[in-house]
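Remarks on the structure that follows.
A, B, C and D label the chains in the order they appear, each numbered from 1.
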Amino acid sequence: MALSREQIAQRVAQELKDGYYVNLGIGIPTLVANYVPEDIEVMLQSENGLLGMGQFPTEDEIDADLINAGKQTVTMATGASIFDSAESFAMIRGGHVDLTVLGAFEVDSMGNIASYMIPGKLIKGMGGAMDLVAGADNIIVTMTHASKHGVSKLLNQCTLPLTGKGCIKKVLTDLAFMEIKEGKFHLLERAPGVSIDDIVKLTEGELVIPDHVPEMLF
Amino acid sequence: MALSREQIAQRVAQELKDGYYVNLGIGIPTLVANYVPEDIEVMLQSENGLLGMGQFPTEDEIDADLINAGKQTVTMATGASIFDSAESFAMIRGGHVDLTVLGAFEVDSMGNIASYMIPGKLIKGMGGAMDLVAGADNIIVTMTHASKHGVSKLLNQCTLPLTGKGCIKKVLTDLAFMEIKEGKFHLLERAPGVSIDDIVKLTEGELVIPDHVPEMLF
Amino acid sequence: MAGFDKVVSSYEEAMAGLEDNMTVIAGGFGLCGIPENLISEIKRKGTKGLTVVSNNCGVDDFGLGILLPDRQIKKIVASYVGENAEFERQMMAGELEVELTPQGTLAEKMRAGGAGIPAFYTATGYGTPVAEGKEEREFNGRKYILEPAITGDFAIVKAWKADRYGNLVFRKTARNFNPLAATAGKITVVEVEEIVEVGELDPDQIHTPGIYVNRLILGSFEKRIEQRTVRPAHSA
Amino acid sequence: MAGFDKVVSSYEEAMAGLEDNMTVIAGGFGLCGIPENLISEIKRKGTKGLTVVSNNCGVDDFGLGILLPDRQIKKIVASYVGENAEFERQMMAGELEVELTPQGTLAEKMRAGGAGIPAFYTATGYGTPVAEGKEEREFNGRKYILEPAITGDFAIVKAWKADRYGNLVFRKTARNFNPLAATAGKITVVEVEEIVEVGELDPDQIHTPGIYVNRLILGSFEKRIEQRTVRPAHSA
């Protein structure tokens, strides 16, 4: 069975380590915050200038001066710090964030990612995504493995304009967890109940399948 | 009569305007602070990270954490701000300081300045001088017109390694106030009692002498 | 008060000298920390042909979006736009030029502009549409592109507190691009919620030194919220 | 306490992993805001062949100067040196390599190193000995040189207050190069005068966020004054 959005977030959360500074993108990545294991602590970086993002405010706590990169009202966690946008991206570009999780339209076997623009549709802009993919060493891309029509999003070569070139090493889809290296997708884990055949069928880029591909554990 | 160090500082102080942010170099430039006209206010920038440098502390006020760019203990003026060295030189390099006053070994008619290094002697380094001459639009160089042996320091071409290239427009010596433009020194004022002949004799670089060269007023 | 007093008493005075076809750098992220009254004054003035540099372009009836109906903006440099219908219409119709710039690159370009750095290299955008027409260069085995600095004829900034000398303190994430914009304007205009006595702000805690500020005005602010997200009061 | 607790209990632990021939970036200006005990620990360890990046190199018996007698420093990148006799002797004898770097360029190189900017252009040093071997380039009719970023295996930093997460606050002009050094070390070690509870520092007033800090130690400091200048108590 393909993973739900929540399960994808849950699986990503298993990659968190105690003391990690993490930037979570909009959409599924945001859900990761709900599954941080109880015995560890992470700090969330929001690229508009907040390290130590807390939960949403109560009605009483709402503060127009305190939002996240998705422009949602938030709170600060204990030990948070505030800084300007240049400092925030110095942090990101300088590789100080331990893990970045973001979505994508397409990823290819060279580690390219396309996530911000579909030509012909309205182009809203890349926001901080290009900085995030260029700056982080440790990125997990979360996405669906294929379109509703069964067209793979894990390609030999991205067809959409790129957000970043050669910067993606880990991809988690609703079907599989993969590593990208040496121009290939390496299958690490499959979603519970999903066969290797299912994955192969929906992966356009070259896929390396080890003898044993464990099911994800939740 | 050649100007004293104090008179040089006094003449420079006449160039100050109300609301000027000013960086004063070590030596004669530092003395300028003693001659700020009573009816105006200036703020002194110290490139180690202080805008709004005050006077020296009393014995009781001494604070090892509060020094100026000359490493002297100082105080803060009302309205002062503190920042890191990158911000301090962003201010300087970005042209936000209204007036910079510094000393020099040599200046030439192309606006070059040599002020930090005499080959063969101990080289202590340029400190912030290269940033100051490159960053400021409005610089006054204070220096003696010639060496004790009568060798001009206002040259066709600097002989010492440069601190900055083509960045000096105003020079005040013990003999004269000059502007540098179009590859020439333009005589603006002479020290009281100093003849144009005296100045000509001690100026190696091409000197443009207008019909009337007023004496400096104190 | 001396020449360091930056306070002006009207928004008209605050934006005096703004002319058609100038470049305006604006602080703010989304609708958070935007100089809302300075933007309104630009609308009132009717200045046209502006190039606006700002992370976003407001919404239809608030923030920079209010400059769209009268076509006051010729070009916008931003990282994320299109939160407003009129923006979409003008962009699609080719009436509005849009230069999309990665958010971190945009912040760094403003900082560089204020700091006398004419250009810098960044890996951000290498191999993407952002790199088109830009120099590519390798350092230590990695590819980077050259990004030029940005400066503006005006910078419009929203701060929280200031003293009359223009020393600024920002509040929470309303800081964002504001301190950077403040450094990059030939004329930097700041509106604030409170003006305190000179000497009241701790010198160690000033976010933007007054040297960057030309004019300062006391304003009152709507502070509209774009995405109002809440949790129930009883949850942890 | 979670994985964000950066506090270590000994200077040995603070500088663990420092090896011969590494690069160390140090905060401080003159003797102001220098990580004096971390420097002493380097002396005690006897690490050799170091490249040290710091605005100055201390005096004979204090600050980085104490690393000179045992020839622990192979090369120093600084803007102003020679306040100590042994430094002079080693430099003149060619035993110590000195790379003089303009103060603002040095600060910007540290910042760039921490910010993932591999190189930037600056007018500082154009046409001077500093420009030798560096690319020159014109932007808008003015000449600039290309300066590469600096990073270090270690950064050693002195702050005033910190919480256990490594959020830092500096005091007066002891701030100087410290926040920049903090960003540019693979391992950043900070010594402070006071460690407060997490949550005690105002998030708006933190100078260096804890993300840059790997180790934190509580120290006590001599804070030697280089140029003791005073005015009489009765003067204005």
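For the reader, a short list of remarks on this structure follows.
The definition used in the following text is that contacts are C-beta pairs under 8 Å (C-beta built on N, C-alpha and C of every residue); 3 or more make two chains touch, one makes a residue touch a chain.
Please read all numbers here as calculations on a predicted model, not as lab measurements.
When the partners of chain B are compared with those of chain D, the chains appearing in both lists are C.
Set against one another, B-C and A-C show the most C-beta pairs in contact at A-C.
Of all chains, A has its CA centroid at the greatest distance from the CA centroid of chain B.
One inter-chain figure worth recording: chain C and chain D are separated by 32 Å, centre to centre, where each centre is the mean of the chain's CA atoms. Averaging C-alpha coordinates per chain places the centre of chain A 55 Å away from that of chain B.
Between the CA-based centres of chain B and chain C the separation comes to 35 Å, rounded to the whole angstrom.
Work out the mean CA point of chain A and of chain C, and you get 29 Å between them.
Multi-chain contact residues of chain C, defined as those touching 2 or more other chains: 108, 111, 115-117, 122-123, 170-172, 175, 203-204.
Among the residues of chain A, those touching two or more other chains are numbered 76, 82-83, 89-90, 92-93, 134-135. Touching pairs of chains, sorted by label, consist of A-C, A-D, B-C, B-D, C-D. Contacts from chain B toward chain C in the complex involve residues 17-21, 40-41, 43, 45, 51-52, 76, 78-83, 87, 89-97, 134-135.
If you check the complex, the residues on chain D that touch chain C are 108, 112, 115-123, 139-140, 142, 144, 148, 169-172, 175, 203-205.
Interface of chain B with chain D (complex): residues 46-50, 55-60, 62-68, 70-74, 76, 82-86, 88-90, 92-93, 112, 117, 122-131, 134-135, 161-166.
In the complex of the two chains, the chain C residues touching chain B come out as 2-4, 111, 113-117, 163, 165, 167, 183, 198-199, 203-204, 206, 209-212. Contacts from chain D toward chain B in the complex involve residues 29-33, 55, 78-82, 88, 91-92, 98, 100, 102-108, 110-111, 122-130, 143, 160, 170-180, 207, 223-233, 235.
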